[in-house]
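Comments concern the structure below.
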Amino acid sequence: MIPALHNGALEVRNLTKTFAIGGGMFAPRAEIVRAVNDVSFTIPKGMALGLVGESGCGKSTVARAVLRLVEPDAGAVIFDGTDIRAAKGAALRRLRQRMQIVFQDPYSSLNPRRTIRQALEEPLRVHFRLSRQEIVEKAELAVAEVGLPREAIDRYPHEFSGGQRQRIGIARALVLGPELIVADEPVSALDVSVQAQILRLLEGLRERRGLSFLFVSHDLGVVRHFCDRVCVMYLGRIVEEGATAAVLDRPLHPYTKLLRDSSPVPDPKARLALTRILGEVPSPTNPPAGCTFHPRCPRAESLCSIEPPQLEAIYAGRLCACHFPASQNS
Amino acid sequence: MTAAAPTTLSRPGGLWVAFSNNRLSWVGLVLLAAIVLIAIFAPLIAPHDPLEQNIVSRLEPPSAEFWLGTDSYGRDVLSRLIYGSRISLVVGFLAILIAMSIGATVGILAGYIGGPFDQLVMGLLDVMLSFPTLLLGLMIAAMLGASLENLIIAIAITEIAPFARIARAPTISLKQRDFVEAGRALGFGPVRIMRVHILPNMISDVVVMGSLWMASAIRTEASLSFIGLGVPPPAATWGGMIREGFENILDAWWLAVFPSLAILLTVLALNLLGDALRDAIDPKLRAE
Amino acid sequence: MMMNADDDAVLTISNLRTEFRIGGVWHAAVRDLSLTLRRNETLAIVGESGSGKSVTALSILRLLPNAGARIGAGEMMFEGRDIAQLSEHEMSRIRGNAIAMIFQEPMTSLNPTMTVGQQIAEVITIHRHVPHSEASAEALRLLREVKIPAAESRIHDYPHQFSGGMRQRVMIAMALACRPKILLADEPTTALDVTIQAQVLMQLDELKQAYGMSILFITHNLGVVAQIADRVAVMYAGEVVELAGVETLFARPTHPYTAALLRAMPRADRSSDSLEPIAGSVPPLTSMPPGCAYAPRCPHKLPSCVQARPALQESSDLAGDRSHLVRCPVRLAGASP
């Protein structure tokens, strides 16, 4: 077992989470969904790692499992040398200060009955023993840091637009002074112009505070802009990992190529020349045998339906889970 | 540009909007206010002592001295009606308050904790709900004995299960909301989350049903008093008065009619009020 | 040979004004909009929230809510008639028939209590008055055409038994049932995964060719626009601010808003060090500025911009038979960037 280092990094090893759908006292047997299947990655301090994939790939579950908002079934999550899964009580609370989450839906991420001030002061009161004055100051600082006017602090969420609410959600995530931010589709629900404002805000915060990010998104353009490295997920597994530009420009895994080729680009000369996109994502309760992508894969051979490929280093810094990855020079 | 509006009641001034949208709600409010004022100022309003017997004038129809007539003990029906409002309102209000406190707590806990605990609680609630309200109240009142306190307890017990149910449903959907997950991510414990984040967002639903069910509580009180399991005589209760009126229905129509009207008006007022409040929190108005 | 654009027009909207009643006063969500949709073309309307793009589509089919919304002015000529003036009865003969619409959320647009076969057949029997057996056969043919696998058995399934992408195809099949001349598509792929979106967009294009339809495609995604559009109308605060052929729009975006949108959009195929956000926000319906609606956020603003509302004018840059209209006298007069 590799010893854990106190280096401010997040290490996820062999994370697994299964859900049972249906079941209960009087229902027929539940179906098992392997939402997250043996996922491993590392986020060194200050890095932004993107997690991309389509619905059902498990990226949101990974994000929540890392914060123990969903309890993993197996695997390890280690932050700055501390095992998150083993932490309890006060130790867990201290860890929570250091790792926070920003949600996708600005309309659901704030309690409609609490003012912004209350939403920001509450975590401070729960975690720290500060004087009233210190709490007020920290809350007002957080509001200023996300670019909202001071008067905003005594208003209610419904008085703000989607972009402003997202800023408030970010302020709430920052108020405890975390080192890692898990962002679950933080700009997907926003208009393009607002999206750019929020991304710029997040970039600025990342620089000033030295934050690490686990950035979950389905939008490759956003991920390319924000993230240093990216993991591509399909049906609960990571199928490719590497530096973002390299993965998107020279994908090794056929699914990454499919994803990249399907993402529309604002250039009419680069119209999609997809030959045939075969099929849809299979049901997660009944994944195909062997490599889960093989029914849709243009390169599939008989081995692919028998043996699931492992995530391996193909060359420096590039991982791929495929029996027949694209060559480096393609 | 402002975002989607929340429910009318969760905004400041929302109650006012709820009322201005609905004319009938004003009728309900005025009527209820009148009844409450009558109950409060009973000693000042009632022309006679409700307990004073006057055998000479028994079973007299409405007259100048006794506006609504007298009962078989010669007691003034109007005064008894006025004092009876106190019993009905107090019993109705306290019973609902107790039922709401206990029921909502049970409902929130069941909804938030989930799993086998929730299934157990739901099973118990289903059993309680399968009893007709009156039968349940009857059994409890019979076991405890007839008195004002026991009456309140009996009626409260019949209303716990409905409150638990309507507290549980919004709890379950609120539990999925991002801001509750945010609370957990911020290290808040379950008690804080239930108290600060879940309860305020659903309490208006519960309170509104409370106002509607107060009407039901008052009807139950009247029914139990009618059967003789309510506050014992000689206290003036509307149900008890109807019972007496029932026995004398052919000779003295006024004994049954006026208490019935009193119950009808009170229940109507509460229903109109409750409907208006419920429309204000109607999910169709929720833009989220 | 220059084709006269108007010969080819299937739908001509002139000076459309759609209003909503807010706080007792009528405010325009779509202001003085004029557009021509030509035969066999895909015209994309692109804009952000509050631009009025969805309201435009709903106005065409007169699907606005009865209370609180109205078409305040303008005409929409379709097949020689002004559909803004038609009665509800006459409109219902057009909807689903000559003009069809597909929406963003197929789950809420399909009836959950009817099988998909029944729903498609219903559209056919209502408009074409054919016997039920013929309608069902046609429904099966349509499901095959939109490439629903195992259509013979799936025709008896209910909407909830289909995935999101499949439901969208069912909706497309329903829309095509009566061979419409115009298909209005309101963000039909926004809720879909990107690989499914690509399939649906390709399919729409194939069907458009096969059926000889015009498509009015509404979206907020400039990438999607580049994929499917022949011409593009950019909307901001209820009006068209730029109208051009698709290559021209992306090569030479002239209106400051169009240019700003392109600079604010991160791309999957290119690394960019900086995204330039657009400062400020869209003015609310209730307080639209008197001059140019974009002026408060515009880096090229001149004093004349806030005084009078600019008109949509021809740019001198013409490509082929497609004109390039821009609502910005400053940029049209000044040098190109």
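When the chains are written out, they are named A, B and C in that same order, and each has its own residue count from 1.
Just so it is clear, contacts are C-beta pairs under 8 Å (C-beta built on N, C-alpha and C of every residue); 3 or more make two chains touch, one makes a residue touch a chain.
This structure is a prediction, so every number in the text was calculated from the model and none was measured.
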Check A-B against A-C and say which one is joined by more contacting C-beta pairs.
A-C
Most distant chain from subunit A by Cα centroid
B
Just how far, in Å, is the C-alpha centre of subunit C from the one of subunit B?
53
Cα centroid separation, subunit A vs subunit B, in Å, comes to 49
With chain centres defined as C-alpha means, what is the inter-centre distance between subunit A and subunit C in Å?
32
For subunit B, residues that touch 2 or more chains besides their own:
1-2
Which residues belonging to subunit C are in contact with no fewer than two other chains?
49, 281
Subunit A: positions in contact with at least two other chains:
161-162
In the complex formed with subunit B, which residues of subunit A make contact?
24-25, 64, 67, 69, 92-93, 96-97, 100-101, 103-114, 122-123, 126-127, 157-162, 165, 169, 172, 176
Report the residues of subunit A in contact with subunit C in the complex, numbered from low to high.
54-55, 161-163, 191-197, 199-200, 218-222, 224-226, 245, 248-249, 258-272, 274, 277, 280-281
The subunit B residues in contact with subunit A across the complex are 1-6, 10-11, 119, 177-179, 181-182, 184-188, 192, 196-197, 200-201, 288
Help me check something: in the complex, which residues belonging to subunit C touch subunit A?
48-49, 163-166, 193-199, 201-202, 220-227, 229, 246-247, 250, 260-262, 264-272, 275-279, 281
